[in-house]
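Pasting a structure here, questions to come.
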Amino acid sequence: MHRVVSAEIDLETAASVDLIFQIATRADVPLASESLTFSQDVDPVELIAADGTRYHRIRSLEGRLEVRYTAVVQTQDAPSPTSDVELITYMRPSRYSESDILFGQARRQFRGLAGAELVQAVADYVSESLAYTSGASNGTDSAATILPKGQGVCRDYTHSVVALLRAMDVPARYTACYAPGLVPMDFHAVAEAYLDGAWHVIDATRLANRRGLVRIATGVDAAACAWLSYHGGSVSLKRLQVDAEADAPLADDDHTALVQIA
Amino acid sequence: MHRVVSAEIDLETAASVDLIFQIATRADVPLASESLTFSQDVDPVELIAADGTRYHRIRSLEGRLEVRYTAVVQTQDAPSPTSDVELITYMRPSRYSESDILFGQARRQFRGLAGAELVQAVADYVSESLAYTSGASNGTDSAATILPKGQGVCRDYTHSVVALLRAMDVPARYTACYAPGLVPMDFHAVAEAYLDGAWHVIDATRLANRRGLVRIATGVDAAACAWLSYHGGSVSLKRLQVDAEADAPLADDDHTALVQIA
Amino acid sequence: MHRVVSAEIDLETAASVDLIFQIATRADVPLASESLTFSQDVDPVELIAADGTRYHRIRSLEGRLEVRYTAVVQTQDAPSPTSDVELITYMRPSRYSESDILFGQARRQFRGLAGAELVQAVADYVSESLAYTSGASNGTDSAATILPKGQGVCRDYTHSVVALLRAMDVPARYTACYAPGLVPMDFHAVAEAYLDGAWHVIDATRLANRRGLVRIATGVDAAACAWLSYHGGSVSLKRLQVDAEADAPLADDDHTALVQIA
Amino acid sequence: MHRVVSAEIDLETAASVDLIFQIATRADVPLASESLTFSQDVDPVELIAADGTRYHRIRSLEGRLEVRYTAVVQTQDAPSPTSDVELITYMRPSRYSESDILFGQARRQFRGLAGAELVQAVADYVSESLAYTSGASNGTDSAATILPKGQGVCRDYTHSVVALLRAMDVPARYTACYAPGLVPMDFHAVAEAYLDGAWHVIDATRLANRRGLVRIATGVDAAACAWLSYHGGSVSLKRLQVDAEADAPLADDDHTALVQIA
């Protein structure tokens, strides 16, 4: 299976500003080809985190900036292994996945469950507790504010799953990804739970076919996986178009089963 | 049925301070006798709110203050009716019952339910979502912080029930009360829901026999029903002993049924 | 001085719904004339709270509803006195003015201040801590969330002032009002602090001339003073136009001085 | 200058449990000697994070566990350099340092400041906004909840400094450390701000002499630097004794100046 993923981003900046993009696939994703271009004459720096997440940093000029990314993704083998230090990180509360606040609720709700059964129970609980609603949440919402609200988008579902899993001592991370077949097409986010030496994907929104996902960034939560961060100025987004296609149909995704992505 | 209720409160104050007690029964509770005494030579003022809640206010001297309250309560007739303005008040979000924050969660959780069925579903939900745990919550906790925590005491159960009911357009209030038979004996708090022209009592802790309850204060939440408030100084509580007894055994309380108290 | 105040409200409802308006002036505001009309054939009920706030309640039909309110306000005498029970209410934390959460911050920030000096210090502090920004806050924001955000509108300024004053043992309330000369014209909100037997107006936004204000509703916070509340359905606001004019120019408002409104 | 640091920790566990200690000095701290012992027959694993933080992980047996750590620290040379990826991490909001929530407040409070002047202004602001109070805060408190409370301990001061710096685009991290001369002696926490290629230490509590500090762990906030974490069981702390001494007197610490520690 080949997948073609792309992002077209048009920005306006009133002044020169530092921009960090997380739109390229993780370093362990096997690519047939890849291209990242900027309309301004800038000199992008690629940084690769220990976990394989790639950052592209530029200093923009004032004015319009058009960013184009596209990659052809091959069938993946196993992803790079996760270090023990990383796993410790994924047990901790984080900004948007406050497992410390949700500890009591999780312990009560999921008492006696472990392993795959626990992961599935958390996925089902979040899926039933939230209604997918654009615009109901904002950038400072987190697991602890979303569960009382009962509404959110993929970011919020993922934060809730991650927080509840960590409260149950399961290492869990946030994964930003390209999702072939997603409607409406956009950047997507899912949770991953570490069980028996491998990461299992949870999409509590039930919107994506997990086998088609292509990882961009993995991290503690959305704070670590933003497709754009900037410092020292402001940025206006003029256009964002994300695309992701697979060259073969994907088998239906049964969200009651565990799935890994390579 | 007669009930004897009492509170013994010993305080120390480092300086003169304004104290407001809400320990006497509501004005519409029929009493055979009542006594409220203060060990200091103070001149208590009784204030009665429109809803019948009574306040006793004194200006303490420096030093030790012993307060003794006791009342013999007769079988009550119907309580005083609730005004339309009061009912509007009991539909609003309040400090510890933030129905505005819990709106989405409530609408999702209790979709399609109304009337007694809704009230019962809210009571069951809160009862199952929280574990009764002394010391797990504090004075700034509210419905929106307790449900994620999953632990609390009678105050927290009541705030959660009240908030969820208001989010579903059911007028709901917080009632501080004496509770004959409560173990361990203490001031108690329950929720009341307004349905078909009457208040129905919900004790999501399932700890009290609702038919024995004697109302002290009713209000929007614990902020309106504190047994002691003070201003302009600090107070140290040395001893608190609450007692409440009924002279006849109470029929078992079936918490799946609605109950009013007169 | 005469003032003419008015509100024009156009709504659409998908089904019959209960609507409660707080757009008429408080019962103690002396009026030369007043008119409240509804485009639908409904039967409004007027409720008057103990503090003089008036509610107009109707059961709307499905469809468009046009509400027109106008009043000619005469020079006011002293407003109705405030009961001791009311004053107790205005010392408590409320939904959007959480004086319990801000207690430590207030005690530290305003240590040693009392009376008019304290009230002025709180007004200055809030005025300097917030930037007036439309759209930066939302309906679940409160004093405890706005002060960290540093941005808000008149509602948020008022909640912050009220919370900090209560934390310092000063009774404080939220007042929704018509504000002649306000730019842009809209419903306005200010705080009132109770000092020496009278209410003093604080407008930490510095946008209104306090002497021109006409009280609509007074209450613990915005939860008690919404110009529209509804239950049992949803409502879409199509148009809102507020007007307020004084027939004589108002002396400049020196916000470093205390002002009462009659 | 030599410093001797030590920690004695006695725990009780009801069952076998995974324990992770962060009590040993960072890998880049030059040591004359070091010892870490456990009273149970366990096999500790040492993990070293990319930034030099060391973890010691064991699986405890049921019963009492006594942990003894001591190290003799030599005068340090420059610490290990910080990678670009790490710096990106230290610009993000984290669990206890929510720079996203405090963004507006920080931008308003520190407008126009940069570099050393900004760092000093943030340190002063936090120092003046909080009162050092044991027991006023708890483990779920964070910058956004502590600043309204106005009270906290070293953890809370550090979280507030870190959050405000990040909101101003200054990379900032949390550093757990041994602090010779601290009264009362305990584990300590300070903030570090990255300016001109080096980390500068901020102790808004003003309690420690910064030149004497010995780094244990550095991370996004207290979630990354806990001296003990455990999973899969519960742990009871029976005794904790921390010691830190320098063999030469330290010059007085002028907290209005920037200080680096090697």
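Which chain is which? They are A, B, C and D, in the order written, and residues in each are numbered from 1.
As a convention for this text, contacts are C-beta pairs under 8 Å (C-beta built on N, C-alpha and C of every residue); 3 or more make two chains touch, one makes a residue touch a chain.
From a predicted model like this one, the values you see are computed outputs, not experimental measurements.
K.L.:
How would you label the subunit B and subunit C contact, same or different, if same means the shared numbers make up over half of all numbers there?
P.N.:
Mostly the same residues form this interface, as more than half of the numbers used are common to both chains.
K.L.:
Distance from the CA centroid of subunit B to that of subunit C, rounded to the nearest Å?
P.N.:
Roughly 29 Å separates the two chain centres.
K.L.:
Hey, how far is the Cα centre of subunit C from the one of subunit D, in Å?
P.N.:
46
K.L.:
Quick one: which residues in subunit A touch 2 or more of the other chains?
P.N.:
In subunit A, the residues touching two or more other chains are 101.
K.L.:
So what shape is it, when you link every pair of chains that touch: line, ring, star, complete or other?
P.N.:
ring
K.L.:
Per the contact definition, I'd like the list of subunit B residues that touch subunit A in the complex.
P.N.:
101-109, 129-131, 133, 136, 144, 147-151
K.L.:
Quick one: in the complex, what on subunit D touches subunit A?
P.N.:
Spelled out, the residues of subunit D in touch with subunit A are 20, 45, 47-50, 55, 57, 84-85, 88-89, 91-95, 98, 100-101, 139-140, 169, 223-224, 229, 231-232.
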